[in-house]
Every structure is written in C-alpha cells, then in structure tokens.
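Inspection log for the structure reproduced underneath, given as structure tokens.
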Amino acid sequence: MSLLHEIRQTVADLHAELPRNDLVVWTAGNVSARVPGEDLLVIKPSGISYDEISAENMVVTDLDGNLVEGSHKPSSDTAAHAYVYKHMPHVNGVVHTHSTYATAWAARGEPIPCVLTMIADEFGGEIPVGPFALIGDDSIGRGIVETLQSHRSPAVLMRNHGVFTIGKSAKDAVKAAVMCEDVARTVHIARQIGVPIPIEQADIDSLYARYQNVYGQEPVA
Amino acid sequence: MSLLHEIRQTVADLHAELPRNDLVVWTAGNVSARVPGEDLLVIKPSGISYDEISAENMVVTDLDGNLVEGSHKPSSDTAAHAYVYKHMPHVNGVVHTHSTYATAWAARGEPIPCVLTMIADEFGGEIPVGPFALIGDDSIGRGIVETLQSHRSPAVLMRNHGVFTIGKSAKDAVKAAVMCEDVARTVHIARQIGVPIPIEQADIDSLYARYQNVYGQEPVA
Amino acid sequence: MSLLHEIRQTVADLHAELPRNDLVVWTAGNVSARVPGEDLLVIKPSGISYDEISAENMVVTDLDGNLVEGSHKPSSDTAAHAYVYKHMPHVNGVVHTHSTYATAWAARGEPIPCVLTMIADEFGGEIPVGPFALIGDDSIGRGIVETLQSHRSPAVLMRNHGVFTIGKSAKDAVKAAVMCEDVARTVHIARQIGVPIPIEQADIDSLYARYQNVYGQEPVA
Amino acid sequence: MSLLHEIRQTVADLHAELPRNDLVVWTAGNVSARVPGEDLLVIKPSGISYDEISAENMVVTDLDGNLVEGSHKPSSDTAAHAYVYKHMPHVNGVVHTHSTYATAWAARGEPIPCVLTMIADEFGGEIPVGPFALIGDDSIGRGIVETLQSHRSPAVLMRNHGVFTIGKSAKDAVKAAVMCEDVARTVHIARQIGVPIPIEQADIDSLYARYQNVYGQEPVA
C-alpha cells in the first residue's frame, strides 16, 4: 500500500500548483492520478480548500467513480476523470480547472489557434473545444475523450465550462493545464488589437516532433 | 459572550480572504456577520488596513448601524449591511467589495449574463445590477435587498459603485464575492473578442438545483 | 535630528507599498516626504532596488533638488518632487509611479472620467492629464503643479510618462497612487466592451464632500 | 575557477527574477552569462523548474553550445544564446522569455512603438520584431543578432515565439526583459481603447542619451 500512499502524496502536492499558477479560485479545480495496475484513481475530495489538502484526505475511487477509500465525498468531477482513465489507457493523470483565459475561449466555443511556437511544441496544433455537457452522467467524460482522440492536444476546452487536461503522469497533466492557460492568455491578448500570424502546418509538425522527443532531462532511473 | 468573540474572530479572519483573492485595494472592502438571536452585527471599522485587523478591533452595531461595542468607528458601509440583515432574515453574512471586473460591469450598469456552468451553479442565472444610490441614508441597503429578492443570485452589482454579496454564513458571502469577481473576469474576457454562447434556461435550472444540493461535504456536526 | 530619522523610516517603509500594490517594476517609482519646518525633502536614491531600501540609504535634498545628506545620488525625479513642495505648501508627500493602467491613459493623453463612486470619493472628479515634459529642468514639476491647482484630484497623469500623486502626508500620497491605478484599471475594463454611465456633478460633489470629512478614524493624538 | 563559480551563482540567482516578475510559467525561460576572457557561457539546464535551480546545476557550454561542464543537458535555447555571444562581443548577458504581452506583440509580428518616456529611456525607440525561425540550427541566433544590430533596443520580439534581451551584464539583460514586458503591457492597454500619442524623434533621442548616461548609481569599485 506504499505505492498508493506515494500517489496520494503526489496528487496532494500537485494541487498546490493550481493556485500557485493562478488556475483556480476557492475550491474550483482538481488533479487526479491513476493507480498503476489497478482500476483505481486518487482525487481531491469535494469542496475542500487548497490549504486543507493533504495526502491523508485524498480519496480513492474505482473507474466508475465509486468511493473505495477515504472519509470524504470525492470531487463532483470524479465521474469525468474516471471515464477518461477507463477509455484512454495511456493516460495516468487528469486535471480540471476553470482557468480564466482558457474558459473565456470555452465560453465562446472557439478553439485556440496555433500561432505560437509554444503551442506547436506542447499541443501540436490548435487546442480544441469539446461539447456542452451537463454534470451527472458520463457526458462530460465522453466529450473529453471523443475530442482528445482526434487531436494531438493534451487539453480540451469544454464549452461554457472549463478545461480538462491529460498526461502520461499527473505532473504532465498539470503542466498541460499551466501551459494551456498561458497560451490562452497570450493569444487572447494578441487577438485583442489585431490578428496573430498563423504558423504553417509543416513548421507545427517539425516543432511538435522535436519538442516531444528532445526537450528536458532524461527521466531519473 | 463567547459566541460573540467567536464571530469577531471569524469576521476578522475572513477579511484576509479579500486581499488574498485580489478583491480589494487599500481599505476598500468589508465583511460582516449577524450575531444569531440578537439584533446585532459584527463588522470592520472604517479605514483600518487589512494588516491591522484583529478580532479585538472588530466593532458591534445594532441593525440600524449604531455602535454597540468597540472603540473604533464602524465601516461607512455599515448602514447598508444593517439594512440587509433587518430585511433578509435568512442572511447571516454580507460582503462589500469594489473588485475590478465586477465593478466594471457595474460602471456600465450591465448584468453579467449566465454563460458559464459556474455561473449557473453558484448564481442560478445572471448577476443583476442594482440602482445608483448615494451613501448616507438607507438607499444602498434598499437597492441591494430589492434587487436580490427578485433573483437567485447572492451577488448584486450596485451601479457605478461595486459589489454586495450575501450568504447563509459570512464565509458563504465571501465565497460569493470571490466567485462573482472570477466569473465577471472570465465573461468580460470572453466578450472582448466575440460573443459567449448562452446556456439554455432548462440547463441553468438543472445545474443550479444540483449544485445547491449536492456539492461539497456535509457540514461537520 | 530624531524627527528626520523618523521621516527617513516612513519614506523607506512606504516604498514597500509600491511593489506590494503592483505599481512598479524594477526600480521605477519613488516616494518622498517634506521635512516639516525646513526646506528639505527625503527621497529614494536613484536606481536602488526595493529590496535594498532602508531608512539609512534614503537621501535628503533641498527644495531645488540638491543633495544635502546621504551617500547616494538622489532619484532622477527629485527635481519634480522638489518643485511640488516649493509651490504647494500644503503638500507633505509626493509619489511617482509608472503604474500600468494609469500610464496607459497617460499614453493616450486622456483623463480618467468620474464614473465610479470611488473616483468621486477620492478624486472629486476626473483624474486630469498633465503636459508632455522632458526631464532635466523644471518642466515636469511645473506641469504637475499647474494641472493639480485646477483640479480636486491628488493625482495627475503626465502625458506619455506616468503618474504623480500628492498628499497631506506621504502615506496619503501613496494611497492616492494605489487608488489611481485601481480606478484607472476598472474604468479601462468598463470601457473595453461598452460605455460607463457618468455620475452627475451634484452627486460627485456630495460624495466628495462626505468622504473628505467623514471616512476613516480620527487621527490618533 | 572561483570566477566561474561566482558566475554560476549570479546566473542561478537571476533566474529567480523571472517568476518574481511574472515573465515565465513552468520552466519556459532562461538567463545566461558570458564567462569573461573565455569562449564559454553559463546557462540553465533544460526542463529544470525554477525552484530547483542552484549554482551547482547551472551548466557551462562553449560558444557553439556544446556542453563543457555540468551533469545536465543545457537549455534547448543554448544555441541561440551562444550565437549572440559569438557575434556580439560587447554582450555579456542574454535572457529568453515568453512573457505574455511581449509575446502577444510577437504573435502579430508588430513592433512596440515608442510612446512612453520609459521606452525612450531604456530602448531608445521601438522594440523591433525578428523573423520566424525554427529551433535546431543557428536561425534563431542569426535572427536576434541581425535585428538587434540595426536598433538601439536591447530587446527583440521573435515572431510567433517570444523575447530575447541582451545586456552588458546578465543583470542588465534581465532588467531589459522586465522593462520589455512592462512597456509591452502598458502600450497594449493604451491601444485597446484608443491611440497612444507618439513621442517625437528629437525627444526620444534626448531621453535616451540622458538615461544611458545619468541614471542610477556609479558602479561600486
């Protein structure tokens, strides 16, 4: 059960990145991680403030969102996270925020165009929009999965709602959430007083291929 | 008198949320709480900086805004808070800010439309505008109460002035003030370069009903 | 000489409010105070970072801007501060910043209209624009004084440059700088997607009269 | 080897200014310094977070970007930094960021016009745009050098990408990056609701000459 504790700690720690990067207000955002080799995930409880988060109060659910371990009710977004893990086996981390600029694009139902090398690097093209979906059944999860499966982007703007990001790890999903808000803000500002210059598809492909393969340090063994 | 001290402490502590959430500059915002079972409220003194606030220097007034306990002059907004408690018996907390984006909507006299699921959840529809009112008599208080009584929203944008929010507790009123500024900002940004997509009334109703009944943890006994 | 040390300490401490309220970057802003009863002022040295500021490294100059005491060169804005003290005997504090939103109005040479009760309270009407003026002689100081003498406002937007504020104390001048940026931001945002509603002159007069006489605590004896 | 350690420490310390001044998110920005008298530079490793930076993990490369000392892979921007040092002998510091407002101008391929005295002081005229360039060969470095050689500005906006700044020291380059973002933001905001007033060339020349020669303290011996 030591691996599970480590994942609880990681998920608890990663929540600190959300307020630190101005991605959330009050309790409105969450990070989850898959428990490798088991049909389980670790996620934030509902309505708990970021100051109160600890490894101990993180909750464990199955991939239908049912509580397996923990004394608090899971986040009300758990069903969406669970659906993603169930249908995207390569995904080990999911993040949900209502970060301001990304959510503003989502309110208009407008994808973020690929006009920055940083977007090409990290998202491999535009950041797409998913459907409007009510909470309560699997329609949010389905909207996320169907949209991301047809794009390179690890981020999707859910219409009138907010952002979901995925990653090979929970940290990668957090990174995608941070970068998504950053480029949403920069492209918004560029658009306010003019028209950003598009990047050609061949250049996008070249930037994406390089960044996915070359950037950063080798993982520590 | 121990309950009163506890309320003083709560009100003092909640003031820290105002600068922390970028809702105020200098001394321009205040939180109050009703003293349950008595016609009294606890509020910040006038012109005191957020660093100087303590349970000890909070002041107690009656529901006409007359000083009952405390060595400082009450906030100049006390009459408005008092009017709300007098006329809305289910309200136990009131917050007033001049938070930037909400006040910008107020300067135009324009309600914030319900184009985000977060607005439907928390406000149940648009965030309404109250009348222009001078300080000095009960016209601000009356404007708040009359506007809020015809809306689900716990927040009202007072024209050319700022925001008042109410709650079942002072903490709930602070939460409404934080969420009001957050959605005011996001919808403003969405509007800057296009038109946000409206959410249908049936979906707003469904989101509001669910959020008010399901979200968060059960109150601790 | 103990009073002078106290003023050095006050001026040093007030500089911390500039970065704290996001009014400055790097070393680009300064606070000064008149030494009562003497033709002297205390100001920040040139090019010193906000982390390095202490009572000890504040400098003292006469009202022509000549160094009287201190081992550093005075701020390059000293001549403008000195001119204000020389020609406005009721002013005991001056602040200069390039705060973002106020400077944006200054770049367009456009006064900030009085469309918020907070502007009526604190500035008594619009925040005016002063002339374009080169540094090096008394033209900046003259522009500040001539503009402020015909307005109630303690703040002036110097064209293409930045903001100067005055006060009965250095703290009051800092407060005016904080409020000026706050209302510059709010009115800018209100204007981005519509037209703010003006406040009638009689209401402005009434708000200003009340705020100048009633707000805040009595000065401590 | 003590001088080299000192430079490692300086470069490590200056990285803290990037998040502190809101110029970067995640790991997306870097500072380098030339090692005086040797064809070497010190730079941040690739993909390391700002919290993890220390004098010890800074890396040393030659002026072709080849690793000379250090256990981590150099920043993927090292080739661009190295090219600048090789072709601009008076440059001893280089900074790269994707700071929001400057990058928004870069996304439109639009120089920042000289409409603030601060721009005249620090940049001596407009902040120019460099070409779109893919990472991987010397085209970014070449674009930086060719653009800066025909301008007074120590900052260049690389199209669809971000900002590079240079300085006589690494600290000067950081200062230029901070000021570049600050003026990019202010001029953007000025432009949102009107047209900033240009400054005449003779005034720009006069401001630039004075600032470069008079501002700040004499260097400490």
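Going by the order they are written in, the chains are A, B, C and D; count residues from 1 in each one.
Criterion: a contact is a pair of C-beta atoms (placed from the backbone, for glycine too) under 8 Å apart; a residue touches a chain by one contact, two chains touch by 3 or more.
Which protein is which chain? UniProt says A, B, C, D = L-ribulose-5-phosphate 4-epimerase.
No experiment lies behind these values; they were computed from the predicted model shown.
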Other chains in touch with both subunit A and subunit D: none
Interface numbering overlap (same over half, different under half) for subunit A and subunit B: different
Separation of mean Cα positions, subunit B and subunit A [Å, integer]: 31
Separation of subunit A from subunit C, taking each centre as the mean of its C-alpha atoms, in whole Å: 44
Subunit A residues counted as touching two or more neighbouring chains: 192
Touch list for subunit A against partner subunit D, complex: 21, 115-118, 175, 178-179, 182, 185-187, 189-190, 192-197, 199, 203, 206-207, 210, 214-218
Touching residues (chain side subunit B, partner subunit C) in the complex: 25-28, 45-48, 72-73, 76, 98, 100-101, 103-105, 107-110, 132, 134-136, 159-162, 188, 191-192
